[in-house]
Amino acid sequence: MSGLIVHPFSTRIMSTTVTVPPVPPTANVSDRLRKKASRHIKERFIEALLFCAALISVFTTAAIVYILVKESWIFFEAVPLSRFLFDTQWTPLFDDAHYGIMVLLSGTITSSAVALAVAIPLGTIIAIYLSEFAPFKVREIAKPFLELLGGVPTIVYGYFALVFLTPLLQKIYPELPGFNLLSAGLIMGVMIIPYVASLSEDAMRAVPMALREGSYAMGATRLQTALRVVMPAATSGIASAYILGISRAVGETMILAVAAGMQPNLTFNPTESGATITSYIVQVALGDLPHGSIGYQTIFAAGLSLLLLTLMFNLLGHYLRKRFREVY
Amino acid sequence: MTPQDLQAIRNIIARAKRWDAFFGVLGILALMVGVLTFMTLFVDMAIQGMGRIDVGFFTNFPSRHAGQAGILSAWVGTVLVMIVTGLAAVPLGVAAGVYLEEYAPKHWVTDLIEINITNLAGVPSIVYGLLALGLFVYQFGLGQSILSAGLTLALLILPVVIVATREAIRSIPQIIREGSYACGATNWQTVRDHILPYSSAGILTGVIIGMARAIGETAPIITIGALTFIAFLPPLPFAGEPPAGLFDWLFAPFTVMPIQMFNWTSRPEAAFQANAAAAGFILVLMTLAMNGAAIWLRYRLRKNITW
Amino acid sequence: MSNETTLNIEPDANAAIKAECRNFGFYYGDFQALKDINMPLYDKKVTALIGPSGCGKSTLLRSFNRMHDLYPGNRYQGEIVMQPDNTNLLAREVDPIEVRMRISMVFQKPNPFPKSIFENVAYSLRVRGLTNKSELADRVQHSLKGAALWDEVKHRLNDLGANLSGGQQQRLCIARALAADPEIILFDEPTSALDPIATASIEELITELKEKVTILIVTHNMQQAARISDFTAYMYIGELIEFGVTDQVFIKPKNKQTEDYITGRFG
């Protein structure tokens, strides 16, 4: 039957034989598959929207720098940089005001040193243990537990340092004041252990099994393999874990604000009380200084110093992580 | 190999193995430092604060009398601030993560964004507080309000949400995308119909971890100048006279759990220390529950991976 | 059992047995990867393990130095006995570390440690508690010479091992394996990641090494087995099908399966 039906086109061609009427190329294609301008616009619009969301991070960084520089400007107009860097007293709230950031920095350095003296050795040992020694089951339980430990709010750690650890330390060393950098630093160290341990462990686990097999095949024990082959191979990853630990310690606020006292004190002795850059900011924020006064603007200058300090560590860590990724 | 050689080797091995065993014990001890600290902290706070935890503790405002003080305004404030934080951080973070994984071309703008995100994750929280103080409180005039605090914490946890989103998306195999494109889907249709649904559990894990961190953050909120003694509740969300009254709650003064705890901790009277312990105990329970939920979710996710 | 015909080994009067598998079997969890293997390893000879992929030749090789102990769930069956002291290497009371000190290994892909060339070779000595600097230097030099690498690296001993070419890296790994005077060296497809020129130099080296040490080598390159080995074992799905003097196995295989594999009709 169908053979008898003559296609209209063919009859037309037969009858005229000269020209085929111009058929638009998409005439036989379903409309839905035609490139739609509206769809194109919608796609572009969504992409632009998502891009803006991604840009927020850049804006945040820019805003941090802008605010800190702008607000510190008011401070540095009144206080020359040399006095800020080299004065050995920090008394912005007194009539005889001194603005030596060294004083706050000494507190930051002292408490961080105590914290890192706890976190780096313990974190490294835990990382080696979990990566090279622990049975699968232990690792499966220990890793989430470390994560929980890292999730405890720092104010809680601060409370613990003040009401539990300090009295405990005072039993051993009675002269220890109620507020001291030692107790705050020790607890801060425990708080940082999870970061150091888990990042170092990741770095060690990324070391290919072939290297371990090579070492074991030479008759090495686990410890020899861990210390002489795995750790050297993971050096930059471990170093970047340490640096993250340092930057956490330097930026930690509440433990110090609660347990270390807020007395500016140029000291490197952890058994004294002292203020850090961070706890000073909290102290001023809790007070009632008016915005715009030099005393108030000090917190932005302190914040800027803190930002530069941690930025330095973060960039170093970033660089090391990148190098570490290139190895494997 | 002579028997003497063999004996010498055995001695060396024995020595090396003693070190091995020693380190095995050392590793467990190091882990125990963490475990014991946490246990002590938890139990100590429970003992100190348990006597204070009752219904009244949740329904009373703070008070000059330690025995009558409660955390009503603090937990309500925490809930409200978290609503703002979640509403701001989740859409922004997920959108940024999707853009970086599914759209971003490889060029300097993308690199800049990536470096920024890693960097922001390492900025101390108190610096976010200073940013919020300068930007939200003074520049935008939002005041020391729930909105300021919520947005501050949102910026703080944004890197966490972005990184979690990217990791979740990255774990989706390429063949899924190709399958979708082969069906004729556009970029956005692929994201909406495949990428987002399949990565949602992973994203949720990151969101919970981020929120758990935000709940315990104290420093940035103190920095923007949140009050520590609030004896009234902010208006209920969306309950005021429309249209203007709907958003009254956003601009209300507030306090949150960690600030309430800080306030009690810094008081000299012992009775308030018990309040601090009680508030801390509840705070730890909240973060533990959230982190635990995230860990459980991730564990289930790893078990149920279908590709 | 088909083993009856295949285990008809022509005894070599000149060679002593260095090690021997007796009814050896191996399990990955519940999966039996090797079944009832009986095979000698003649002293100061090269024995090649050939067979299609997945036949268990690497598994057998790695049983000799108990690499399987590194991973949970693995289980040995039967014995691998080492001479002259007649020790069963698989016995529970035998320390795998001691086994690995006597039996070295070279891997499929060169795996130098991220250390200097010198330290890579010195590693197996340091693990044995050697700390004397001049003795270390002597023995490292000796091993590097033994691995035919000394002339190429003597001026750059402090360079990273990873900076060497693939063939050099593999010779570095051989030097590392040689350094502590092992009694047996295991080679797990040592040339599969190398180009033909590097392969030739490794093959030459193996032929030289057998003057001093017993060698067991896994290879999936039959020409290589024919070129360098004295004995050849053909394995198929976890079983030893044929073992014999290499010439005999290649020219006049006793087993039809072996013949098919060698002539390329299969696998």
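Here the chain labels run A, B and C in written order, and each chain numbers its own residues starting at 1.
We adopt the following convention: a contact is a pair of C-beta atoms (placed from the backbone, for glycine too) under 8 Å apart; a residue touches a chain by one contact, two chains touch by 3 or more.
Bear in mind the structure is a predicted one, so any value in this text is a computation, not a measurement.
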item	value
Longest centre-to-centre distance from chain B, chain (CA-based)	C
Chain occupying the most central position, where position means C-alpha average	A
Separation of mean Cα positions, chain C and chain B [Å, integer]	53
Distance between the centres, which are taken as Cα means, of chain B and chain A, whole angstrom	13
Inter-centroid spacing, chain C versus chain A (mean Cα positions, whole Å)	48
For chain B, residues that touch 2 or more chains besides their own	13, 16-17
Per-residue overlap in chain A, given as positions that touch at least 2 other chains	219-221, 224
For chain C, residues that touch 2 or more chains besides their own	97-98, 101, 127-128
Chain A to chain B touching residues, read off their complex	33, 39, 42-43, 46-47, 49-51, 53-58, 60-61, 63-64, 67-68, 70-71, 122, 125-126, 128-130, 133-134, 142, 144-149, 151-160, 162-164, 187, 190, 193-194, 219-224, 226, 244, 247, 250-254, 257-258, 278, 281-282, 285-286, 291, 299-300, 303, 306-307, 310-311, 313-315, 317-318
Contact set on chain B toward chain A in their complex	13, 16-17, 19-20, 23-24, 26-28, 30-31, 33-35, 37-38, 40-41, 44-45, 48, 91-93, 95-96, 98-100, 103-104, 112-113, 115-120, 122-131, 133-135, 138-139, 155, 158-159, 162, 184, 186-188, 209, 212-213, 215-219, 222-225, 228, 258, 261-262, 265-266, 273, 276-277, 280, 283-284, 287-288, 290-292, 295, 299
Residues on chain C engaged by chain A in the complex (per definition of touch)	65, 67, 70, 72, 97-98, 100-101, 104-105, 107, 109, 111-115, 123-124, 126-128, 173, 176-177, 180
Partner chain C, residues of chain B touching it in the complex	1, 3, 6, 9-10, 12-13, 15-17
Complex interface listing, chain C residues touching chain B	85, 95, 97-98, 101-102, 127-129, 183
